[in-house]
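Think of it as A, B and C in the order they're written, each chain with its own count starting at 1.
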Amino acid sequence: MSTPIPTAPATITPAALADALRQLREHTPLVQCLTNIVVAQWTANVLLAAGAAPAMVDNPEEAGGFAQFASGVLVNTGTPYRETYEAMRVAARSAQEAGTPWVLDPVAAGGLPVRTAFAVEVLEHRPTIIRGNASEISGLSGGAGGRGADSTASPEEVLDLAQELARTHGCVVAVSGAVDHITDGEQVVRISNGDAIMTRVTGVGCSLGGLMAGFAGVVEPLLAASAATALMTVAADKAMETAKGPGTFAVALLDQLELTTPEELAERVRL
Amino acid sequence: MSTPIPTAPATITPAALADALRQLREHTPLVQCLTNIVVAQWTANVLLAAGAAPAMVDNPEEAGGFAQFASGVLVNTGTPYRETYEAMRVAARSAQEAGTPWVLDPVAAGGLPVRTAFAVEVLEHRPTIIRGNASEISGLSGGAGGRGADSTASPEEVLDLAQELARTHGCVVAVSGAVDHITDGEQVVRISNGDAIMTRVTGVGCSLGGLMAGFAGVVEPLLAASAATALMTVAADKAMETAKGPGTFAVALLDQLELTTPEELAERVRL
Amino acid sequence: MSTPIPTAPATITPAALADALRQLREHTPLVQCLTNIVVAQWTANVLLAAGAAPAMVDNPEEAGGFAQFASGVLVNTGTPYRETYEAMRVAARSAQEAGTPWVLDPVAAGGLPVRTAFAVEVLEHRPTIIRGNASEISGLSGGAGGRGADSTASPEEVLDLAQELARTHGCVVAVSGAVDHITDGEQVVRISNGDAIMTRVTGVGCSLGGLMAGFAGVVEPLLAASAATALMTVAADKAMETAKGPGTFAVALLDQLELTTPEELAERVRL
């Protein structure tokens, strides 16, 4: 497959990213998270630090009603159980019906059959944003996937698949990696902030999906996915200035998610 | 509704709070926690740092037997599943029968119908302490509640409801907020330590419920709820002296829960 | 019961431990964790910091298939639910059939009847390593156990039981405590690094089980259990140099799990 060289979108500028962060902090979007037991605490803390309001409503009885009035919904398949799948189906359907933006994070898609089938199934509810690493995006597109949450491929290598996925489902696809790639099927945003240490703290990618759901509650999807990525990776760059290892990095990252101003975001982001 | 101005209880003094902390550390109460997937780790770490022994026994087969010999039990409805509800019912009943003090933390009561009904249902097992923010206390009393774990009201505004709840169920009600209010239906303890950053770290309130269950294993309920609140908020004040953001605050808070001495508690608490 | 004084194994030397750590970092073993909701995040972060790749695949539909190609599997009974038990049974059986090394951490065995019965039951799938504190090892052997995750006994006191357990099931038994004892039923490795503060951070022991599963994917079981213990306790010694309390200790421990070199491990370990 050959891809025409995508033009840089005129709408995703440092100033637009800064403004998205201002919107987030002004409106404190309510983010419903249906996520895994490993990263639930971390995801809540990331959202709180950034300026959103997390709500982990992930049971089948309450998930649908909550998705109607949440600002955004995250569906993450990290540790799926029978009841969680039920809740995720209900939340995705309800979000679609109510027009609530929702993010699908198909953790380990391609590598594990049951959750891959689930992720493909809920695509019918038209996620606003799909977020994953290169292996997961490949796996969701019918490829081989990785060996768990790892990725052995780079975002560049799966850009064709990501664009096709975005066009087919009318959504934004965000692929994490050394250079994050975010596409709506036409335009491609590339963000090259961040550090490899982010892959040695569990849940950084998962919580990025939560941030995208928060931003999607206040700005349009391509900008939302880009602003979330910019905030996370710029905060990571700042955290690296004091971190000694993955423990101090994670703590500093939470600090910097709160301390990073819209102006700093615009100044430091590398588009 | 009008409330007579409640008299400050003569029993809740800085010296009494300090002595409660001495009791906690001397007896290392065993605290059974049935809590949510978001804050389970944090709650265990808070209890360990303060000087209690957490045990997360939250399955229906073991929860009842454990509640008979635990020092205190926490029931928190943050992420309830079918099996968790079952375990919580069993634990609450068993705690009541065995005379084990237990704490109900009705997370998001009022805002979410299923868990609100559950929280109202288990009131029949006579919790020793009910802990929540103003919205949750209002929701448990039949009011509207908030939009998740947030609170949009202040403890002062729901003091009447809290006192009525305490009198109706013969328990202590603790309402978290800028000034924490704790009442047994007659007397009201107000504690004005703490900082707004506590609401930007997930689980600080939830873990306070765990601390109350621990203190309730060693001193009487009004003192228990007050001592737990005093310890958490004084430790938070101390943590603020070095914190740069929510990440470093959370870490320093755990340190200070261990480092705060009974003498410091008595000196710094603002009743 | 009398035990002949066990000879120090000639194979477990500081140089061998250092080499095991080199192997771990070179091969990045994939560690499937079926563990509890309290320590899942911490366990993942410990494995990532040390140099392994965690994958929390703990549902019955995917656990068996994953155990066939994982480098090692951890089964930890901290917060068992019906679906988790199912997944653990499937994973243990599959690991046995595929020859994947697996670690059993029988949290609170002896103290709680249902999980004790489960832990005894899965012994039929021949764990490669059993890891616990003295009470849990005693409980798994039919003794009384402790009051939750605590231990009231010392590893020395249960060494006879540990050796018998190892001989009966053809596995390595690792008993955590002030001096860790690790035995294959014949030889006994004693490691006296570490600090009591490790018991005031939840999940340090649980994550040690995960580390053992990782090392067991790259070296033989007695060396694997010893290297994991040495790495955790030497990193703890280094973390203590800057820690002010349990919060900063936990953060520094993650840093030191990454920063500790094979050479430092060999130099600092006290066999």
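Definition applied: a contact is a pair of C-beta atoms (placed from the backbone, for glycine too) under 8 Å apart; a residue touches a chain by one contact, two chains touch by 3 or more.
Bear in mind that the values here come from a model prediction, so they are computed numbers and not experimental data.
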Fewest touch steps from chain A to chain C? 1
Copies chain B and chain C touch via same or different residues, half shared test: different
Chain B to chain C, mean C-alpha position gap in Å, rounds to 33
Touching at least two other chains at once: which residues of chain B meet that condition? 37, 41, 250-251
Okay, in this complex, where on chain A does chain B touch? 30, 37, 40-41, 44-45, 48-49, 53-59, 61-62, 65-66, 69, 83, 250-259
Of all residues in chain A, those that touch chain C in their complex: 36-39, 41-42, 78-82, 108, 112-115, 147-150, 199-203, 244-248, 250-251
